[in-house]
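As written, the chains take the letters A, B, C and D, and residue 1 is the first residue of each chain.
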Amino acid sequence: MIIVMEQNADEKNVGRVIESIEAHGLKSHIYRGTERTVIGVIGDTVGTGVNGFRSMPGVENVVPILKPFKIASRKYMPEGSVVKVGNVEIGGNEVVVMAGPCAIESDEQLLTIAKSVKNSGAKILRGSAFKPRTSPYEFQGLGEEGLKIMRKVKKETGMIVETEVMDIRDVPMVADYVDILRVGARNMQNFDLLKELGKIDKPVIIKRGMSATIRELMLAAEYIMKEGNHRVILCERGIRTFETATRSTLDVGAVPVLKQETHLPVIIDPSHAAGNRQFVGSLAKAGVAAGADGLLIEVHHQPEKALCDGPQSVTTEMFSELMPQLRAVAAAVGRVIE
Amino acid sequence: MIIVMEQNADEKNVGRVIESIEAHGLKSHIYRGTERTVIGVIGDTVGTGVNGFRSMPGVENVVPILKPFKIASRKYMPEGSVVKVGNVEIGGNEVVVMAGPCAIESDEQLLTIAKSVKNSGAKILRGSAFKPRTSPYEFQGLGEEGLKIMRKVKKETGMIVETEVMDIRDVPMVADYVDILRVGARNMQNFDLLKELGKIDKPVIIKRGMSATIRELMLAAEYIMKEGNHRVILCERGIRTFETATRSTLDVGAVPVLKQETHLPVIIDPSHAAGNRQFVGSLAKAGVAAGADGLLIEVHHQPEKALCDGPQSVTTEMFSELMPQLRAVAAAVGRVIE
Amino acid sequence: MIIVMEQNADEKNVGRVIESIEAHGLKSHIYRGTERTVIGVIGDTVGTGVNGFRSMPGVENVVPILKPFKIASRKYMPEGSVVKVGNVEIGGNEVVVMAGPCAIESDEQLLTIAKSVKNSGAKILRGSAFKPRTSPYEFQGLGEEGLKIMRKVKKETGMIVETEVMDIRDVPMVADYVDILRVGARNMQNFDLLKELGKIDKPVIIKRGMSATIRELMLAAEYIMKEGNHRVILCERGIRTFETATRSTLDVGAVPVLKQETHLPVIIDPSHAAGNRQFVGSLAKAGVAAGADGLLIEVHHQPEKALCDGPQSVTTEMFSELMPQLRAVAAAVGRVIE
Amino acid sequence: MIIVMEQNADEKNVGRVIESIEAHGLKSHIYRGTERTVIGVIGDTVGTGVNGFRSMPGVENVVPILKPFKIASRKYMPEGSVVKVGNVEIGGNEVVVMAGPCAIESDEQLLTIAKSVKNSGAKILRGSAFKPRTSPYEFQGLGEEGLKIMRKVKKETGMIVETEVMDIRDVPMVADYVDILRVGARNMQNFDLLKELGKIDKPVIIKRGMSATIRELMLAAEYIMKEGNHRVILCERGIRTFETATRSTLDVGAVPVLKQETHLPVIIDPSHAAGNRQFVGSLAKAGVAAGADGLLIEVHHQPEKALCDGPQSVTTEMFSELMPQLRAVAAAVGRVIE
């Protein structure tokens, strides 16, 4: 950490900063430039209250040198981590496709879609029983009933299943029904929920918040990992910008940045980014080309009857046509989709 | 609701939309322009799945006419609602100042600050016992211990007290200790938490999410109100933009927009928007001038020792100098700060 | 266009709107809902002053139905337009790679880079003689001297060359030296410059402004095309968002949106979006996978000595390694890079 | 400037950075931390190519310490600069109100509005003869004809007049007709135009670009001042964010930030920020309360007939009611509106 003093800071200001550094058990190093005095702080400053220094008289700026994450950092596992669930490896050479409806609506609906996407090559079935809806007047999901349907479809198809958990009180129940738990974008900084997910023994997909920086996404993963659960998968799903032609703006650059900074698998959700099924295929291919380890795609056999996110759900036909294209792109970048 | 058909939509497409409208118990009205066919939907469409129409073949766009909120709407209470708590009225002629530290740190700290801000004219004491921190390595708050301190300080000073609740499981406990509960920006769309807060009998301050639209803030309020608790106060605290000179960008325009669209009281948090105590006064004055019903200001007697948000906390001295200026601005716009 | 009246609009309000519609030479159609009156406007409303209606008493909202662009619209040329320059076709089956330094620095620099990128497969040489720099204290480009160097290198290598024009007074001179003129992001809405470029007989690349919507980019193209020059190429180069891990956020979703709405070729500039050469390759591959018709990549043989944009320039070695990967991705999506 | 080396940078990397620093005529200072080596650069680094260092092998980050602006900096004139034009001082104790129509439409229109706003207390008449319109099909302004009207109205009313200049070739002509020239938001980084305005002897208002940072606005001012014209006035007019309830988001926090960083007068344009006349008054009051030195307000006597920006133009009646409120707010913050 480097502390930049104001131009007119005096020796007393500098002295108080030095004292404070030492009070934190750290060492300091003063460097006097022509216009400013700069103080280097030696030692592990993560969690030592950078803000404290920023508040001191005469301090203009505090520049952190070390990254604020530890377990999520690439340095922690330079070769990259692979999250295994059943016979599927996320973060390995395969690009894993997860597909299914936005919301679980009925036995028949989920089973129809599951069979179709499995047939096209999806390895994991997505589907939500709890829906975070902007308006309280919209369909809120089937709840535990939906999870029972998911368990049944899992048995019939042999697919790995994943679903969203919203309420911290539901974590044990949801973990009982499914293979992978998902944290939605709106809950990315619901820290109590993250901590609870750190205590279970199931992989967790954490979606980037609509206005979360890449750094904040990594720190959210750190919340989970710090509690002991290291099987975390990061998901870029588009950020909120001024552009409205798509529902969100897919930050495809987040893929190479995350792969450099962290060892965790990174997947792309092209459906929420696009908000329109016409654009989902292009975004999915872009994600694979950029190096994503997986995709999370909304598929519905009758999108116009979907209770949620119909406009952005590709049809089962579109999905079956998209998969060979994704396979080709994966191969072009040295990866595989089986 | 108005449904705009694509230019090349045919009669079959139009027919299916009409059928679907009628299946929702609504009426339709067709209007054929020179280039497009447009279908008007007559009846209450809120919660009927606008998305469904958007997914149908031949549909280009769906334009909602009615606002999606009901109880929060200005139409519900055109004269504006006043939230009473103890002897204070929020939303009346008085501009209510809430002040105190970011985090409750100790008996002595809270009491010192409380006495000082009360003396300067603050009516309500703010202070958090549970802190949502971006990094798991930062101070997470004193928890219930902090709430006990707050109760003690409330007794000694007679101030009304408010604090943040993060974990849905803590709602009853927190409601037991304090007068007003606060939902932080990161939890604005934690819908389960909102529903729980709709069932208690204490006022709730809901802060706008960093990337939440004004409309989404109103819908979040609607989640609380729909469960029965109508004592909701909206708080603008800055949104996330590309500008980094301030921590967030205070959307002061949200004040007149919210006052027009909703009957709920609207307050401003200049501290989180500024992120730097030098700018807090200007933002606070701007908020009052724009028509805010209250202010939520972070104050600390020793900001350089604060465990949280030190840089944006004004000192007790700065606060006592700011209050007369705020009184003058309030008077200039026909309001009062006692 | 649809005009939505306020709930409490009276007959006089409606009457004045109808009068105004007719005064514009358009026809109207009234539709009375349960809560609102809605007025449909029949006829070509582009350029008739939508704002005028929005200002009338009793009007709540004005919803345009028709798109505001004409010549740039896909409808104008459904099969897509191909911009030919020399023996290269942009917008055809080939994905055209344009590469070269940010700024032209010297004979030797440009020639070295040109030979290298040509050898790797680039068809078009980029390089700027006029540099829009945020600070007046930074290198502003070699000016006409740079263009002379570019002409010399063009002769020696046979490459097609492109450069930026900033000052409207320089348009004829720049058009004299190079094959393609480029409008930078900061000038996307310099409308006088656009009009001037509409009068020349050279293709124009127009880069999306940092905060420009896709719709505004198309309208900027319309400014050029309206004057007669239809050889316009659109370039997505990243938009400004809150994320700072990359210099800009590449809006890869703009590619399918633009390909749907307009007939113009769409290229991607991964260099300015990335701001860091480590991420350029991933973004370039993502762009090709999403359907871009070309790439504009900054390459330098000695980036640490570059007078401009060194950090985001890939080395000539990196570029020669990237090209085969781009070829593979292009092939995967049914396109070709020779 | 501080150069942070990568964790695994070796002595050769460090050596090359040191060499490069010395080659720039600067001095270096090495500081070796436990995890990183950090190199301090001593001397004036503005304009020396920070990017160059960022591109060198082993360099992780470059942190500038000095601000990149010189003449615009507060340090250059700590007491603040006052721009005098006629008998009006902008940047002094008075808050100067500039008002008038978006576009000059006719003799009668401009004269009617001018008389009315003058009567209400406006000192300066605004009005544009050249209009930057997003679409080429919208009204582009009367051109020189409009400037002649403005000159006539200036004579009749004695008001100071200001207008926008868009085309660099028009600078001398526009400077001949009016007292103050305005650079619109879309041209804030049209650097050639800025340089030209640096050579004239008339004050220049420069509006912040829709996605420009405060720092970039100051650097745009620096472009003008560097050429010799120091009479520059900065204008905050709202930035582009995800929120659409207002046309732009007024960044009222820019006022105290700019007043701290620069000595230049700062004014607020509440009209373009609001985009809706209902919200203009609140934003204007907020601007004055935050410390603005002036306001730029769009006023029209018949907004529903305005050729431009009708929805955001307040009526002459609204303006005459607003002025006493603005006077009261100005007085509350120790300023005056005559």
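The working rule: contacts are C-beta pairs under 8 Å (C-beta built on N, C-alpha and C of every residue); 3 or more make two chains touch, one makes a residue touch a chain.
All values derive from a computational prediction rather than experimental measurement.
A.B. asks: Look at all chain centres (mean of CA atoms) and spot the one farthest from the centre of chain A.
C.D. replies: D
A.B. asks: I want to compare two interfaces, A-B and B-C. Which one has more contacting C-beta pairs?
C.D. replies: Spelling it out, more C-beta pairs touch across A-B than across the other pair.
A.B. asks: Centroid from C-alpha atoms only, then distance chain A to chain B, rounded to Å. What do you get?
C.D. replies: Here chain A and chain B have centroids separated by 26 Å.
A.B. asks: What's the distance between the Cα centroids of chain A and chain C, rounded to whole Å?
C.D. replies: Inter-chain centre distance comes to 31 Å.
A.B. asks: Could you give the separation in Å between the centres of chain B and chain C, each centre being the mean of its C-alpha atoms?
C.D. replies: Each chain reduced to its C-alpha mean, chain B and chain C end up 39 Å apart.
A.B. asks: Spell out, as numbers or ranges, the residues of chain B touching 2 or more other chains.
C.D. replies: 211, 240-242, 244
A.B. asks: So in the complex, the part of chain D that touches chain A is made up of which residues?
C.D. replies: 2, 4, 7, 29, 31, 33-36, 38, 40, 42-43, 63, 65-66, 75, 240-242, 244
A.B. asks: Residue numbers of chain D touching chain C in their complex, please.
C.D. replies: It is residues 20, 46-47, 49, 51-52, 54-57, 68-70, 132-139, 166-169, 186-187, 189-192, 209-211, 216, 219, 222-223, 226, 240, 303-311, 313 of chain D that touch chain C.
A.B. asks: Which residues of chain A touch chain C in their complex?
C.D. replies: 211, 213-215, 239, 241-246, 249-257, 260, 273-274, 278-279, 281-283, 285-291, 325, 328-329, 331-333
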